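Each of the next two complexes has subunit A plus one other chain: subunit B in the first, subunit C in the second.
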Partner chain A sequence: MAHRHAHGPRSIDRLAYQSGMRRWNPVFKTVLAVGTLILCLAADRPAVSAAVILVLAALQKGKGRLPLRDYFGLLLVPLAFLLLGGAAVACDIVFAPAGDWNLRLPWFYVCADADSVRFAAALVLKALGAVSAMYLLALTTTACELVDVLRRAHLPPLLCELMYLIYRFVFVLLDMYGRMRQAAGARLGWRDFRTSCRSFGGTAGNLLVLSLRRSRIYADAMAARGYDGELRFLAEEKPVRGAQVLWMLLFWAALLALAAV
Partner chain B sequence: MQPILQAKDLRFCYDSGAPALDGVSLDVYAGERIAVLGPNGAGKSTFFLCLNGVLAPESGQILLDGKPVDRKARKKLCERVGIVFQNADDQIIASTVAAEVSFGPMNLRLPRDEVARRVDHALDYMELQPFRARPPHDLSGGEKKRVSIADILAMQSEILLFDEPAASLDPTGEERLERVLARLSDEGRTLLISTHDMDFAFRWATRAVVFCAGRVLADGTPQAVLADADVLRRAHLRRPLLMEVWDTLRARDLVPPDAACPRSPDALARLLDEK
Partner chain C sequence: MTQKQRKLVRLTACAALLCGVVPAAGAMHIMEGFLPPSMCILWGVIALPFVLAGYFSIKKTVARERRAITLVAMAGAFIFVISSLKIPSVTGSCSHMTGTGLGAILFGPAAVSVLGVIVLLFQAVLLAHGGLTTLGANTFSMAVAGPFVSFGIYKLCLRLKVNKKVSVFLAAALGDLVTYCVTSVQLAVAYPSATGGVPGSVIEFLGVFAPTQLPLAVLEGVLTVIIMIALEAYAQPELRAVGFEEAGA
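After this line comes the complex of A and B, so read on.
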């Protein structure tokens, strides 16, 4: 299968459906991801953060069968923000040279000292570890299973159903919009800036009208199948294996040990 | 014989004001294959939604097994009458095929095992097992159509309504659809199909009902209804190709003058061989 570096809801969604860890129990995955996230933040040690990043990358590659190229491609998105933020933490702007390193610019100095750089690096590493933990959930669990986990965590059913329907509608509307976009393109609707603005306004307005009509038909279709105010689906049984729990506990113990060193 | 489903003088208006159904009466008998014909906007879809209980007619009555269905018993109609919507995307709500098919049986409040069994059966029926864990937005148009049919099969309704099921299907998809329809009919289900495909209606249906401007314009065997020039003109319908061919053959004395028009090319070939 050809892999392109496409981001956005479609690609993350597709990765979740293709993941080898999709068969894992979603509650277990949530516990693993959130537990690891908390450990990583609470330990606040670069060694722990690095271990989390490496182990979770290995897990995504080994168990999830996600190509590392794709995984790191997705990690690059938050990394760009983290590096910019880290640079702001590490560096200071002063009018007289200070710190261990100085970069002389026309009116001021950008300076940094070893401690602040170390602090910023640890911060970036910690944040990246946290992102890895969330990716463990996002890239292996489909949105509907996440909603199901939230439902079991006693989030109000109304919110869960809204999330579920919104998720489905994202794809329906994206599809609709894609077709309208093409149709406008076929009539030179994007030939210049002015026309593009008009076309965009037109398609957006049309999308609103269409989605309102769609929602009515949807309601009819749901009523036709006996919907009476509560969305119910047959959830697939995905049992948790003892070995999985054991590995999780081992992993957490190792992280704690690293933090204690 | 007792009709399984009856509509008596149904009237329905949408917000726009024009009556969509203007006094529709129809008796449906168990095991019938009914083609519902008529131009767009004739009230076919509205009629289906009333039969299934989604829309409540402003006046008129629906009877199941001769017993009137009141507003409270609407659920009963949902259980016994299933409807496959024209556009599969309007119907599919779940995020995996298996969950989607389970939606109807779960709403029937069946036990878990029974739901799982029905889902499996419906997926087998529509040859969808390989897709069971896939999200619907990953499927092609024809595959989505099959999912929307499996949705209704899992509810095991006796009466099935198909709203233009062949629209947007490719020839292979149409063939597959006809196989499924034949199998359902063999199993004793009652089928109502709205369609613009006169050739399909002519060869498949045991009865043709023509809608026009919210009324039933004609009701009878496809041979009789589709031979009526006045009905065809008023409902903007076209004669099936086979009837045209038949008239040409008859005009040239190539077929017995008293024979009825055969319903499929195979039947025509047999008739010509006999002669």
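After this line comes the complex of A and C, so read on.
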């Protein structure tokens, strides 16, 4: 599997387990990430967004020991949405030429003016800042810990159970699918578009059948071990250090100062 | 045409198609940070009643039969995996199904709304599709509007005695289209255009995403039909287990 540029579900999960910031307290990381996210969105200033992007990239590199190439590769996952959405915000469709730039098409004009382009650029920067804040959580905290944080935030237990199980089953299914995909490939199942469609339908259908059978086995196994509606995991103690909180507050204060300028 | 010329034409045609289809990778998740805070809250509040209704229905199912929880969880994992798989495409680019139509037909729209929230959360933290603040908006478009429309169309087609394959195709393809339209409306309400207001902006967003979303909707419909054929051929007991048979035929 191509590791470097793959952005399948396995890659972010793997990076989260490898991160140097894994030892940090998950509640602290959640507060830091969500707080920064909200600040970045509420301030809505290009300077703040740029600062968030740079500081968080430095943090991921310095403390998380994440290669910058991987990090920026991941940051550009929503690139297509960003470009298309940004273009739609920047441009305007009118029937008479307007604005600073015009593109003449059969029935209408696509036009843009300097203000709308500036607005779209700020929006793109803000979205990238927000994505970096989300990555601060996603790339350093394993999904189990995230669910644990949600559980402590009094999310209904049923939803937490479902999340634990879904997280586990996702990887079970991906393994199953990988094997089926390989088996279909060995029989030239991905030879051309038509055959690929048939193979995809067949493997996806088979995946559902096998997964439902598997779910019965899991239910039996869990019942045999005395499952009574609550999965409990032993969580590592990860104390918050005073210096971390101090740095967080300093960072936020700096962002607020940037926003006020 | 000589062989060389033919090759050249084919190559350029591929390149042209590639330009149109490659951006489909991101599907239609509104990315993190793209919506202003007021919109995030608004769409979250709108999606909430549907999710709550789904939560209560799942809670009832699980209270009646404890073992059903693995079945429900497996359904959620299935939706996640289906939506993360690369689907076949003519150009070799990377695109994904939404899986909402299939989920709604198999598991019913109420369950899909709850599973949808969880799947969207995992998509955000594991795949970087969508985001935490845009969870509400994405939930409404992908886990509420799409599935409910898919399910409605499917039921309607069955009532009207339309061929089953045709109804599955229509349900999945139109569910996908509705998701795309709702997302465009959500973006347009947040960013109305200077001259045309919200309607003008809706047209812009629809137009920008149309080249990738229209072929994808058709493909999603076709693939869903193939999956359903495979399931009906050799998974009758499983289909009955998820409640498809009583709901369907």
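Convention: the second predicted complex is superposed on the first by the 229 of 261 C-alpha atoms of A that agree within 3 Å, B and C clash if a C-alpha of one lies under 4 Å from a C-alpha of the other, contacts with A are read in each partner's own complex, and residues count from 1 in each chain.
By definition in this document, a residue touches a chain if its C-beta (ideal position, glycine included) is under 8 Å from a C-beta of that chain, and two chains touch if they have at least 3 such contacts.
Everything numeric in this text was worked out from a predicted model, so none of it was measured.
In the superposition on chain A, contact of A:93 is made with subunit C only, not with subunit B.
Of the two partner chains placed by superposition, subunit B and subunit C are both touched by A:167. Touch criterion not met for A:255: it reaches neither subunit B nor subunit C.
Of the two partner chains, subunit C is the only one touched by A:80; subunit B is not. By the touch criterion defined above, A:201 reaches subunit C but does not reach subunit B. Once the two complexes are overlaid on the shared chain, A:144 sits against subunit B while remaining clear of subunit C. Looking at the shared chain after the overlay, A:184 reaches neither subunit B nor subunit C. In the overlay built on the shared chain, the residue A:218 is in contact with subunit B and with subunit C. Of the two partners subunit B and subunit C, more residues of subunit A are touched by C. Once the two complexes are laid over each other on the shared chain, residue contacts for A:13 go to subunit B and to subunit C alike. The interface of subunit A with subunit B overlaps its interface with subunit C at residues 13, 143, 165, 167, 172, 214, 218, 220, 222-223, 227.
Contact residues on subunit B toward subunit A in their complex (touch as defined above): 49, 52-55, 75, 78-79, 82-83, 85, 87, 89-96, 98-100, 102-108, 112, 115-116, 119, 133-138, 151-152, 155. The residues of subunit A lying in touch with subunit B in their complex are 13-14, 17, 22, 142-144, 164-165, 167-168, 171-172, 175, 214, 217-218, 220-228, 231-236.
For subunit C in complex with subunit A, the touching residues are 22-26, 29-34, 36-37, 55, 58-59, 62, 66-67, 69-74, 76-78, 80-82, 84-85, 87-90, 106, 114-115, 118-119, 121-122, 124-129, 131-133, 187, 191, 193-196, 200-201, 203-205, 207-209, 212, 222-223, 225-231, 234-235, 238, 241-242.
Every residue of subunit A that touches subunit C in the complex is listed here, in rising order: 7-9, 12-13, 34, 37-38, 40-42, 44, 74, 77-85, 87-89, 91-94, 98, 116, 123, 126-131, 133-135, 137-138, 143, 146, 156, 158-159, 161-163, 165-167, 169-170, 172-174, 177, 190, 193, 196-202, 204-209, 211-216, 218-220, 222-223, 227, 229.
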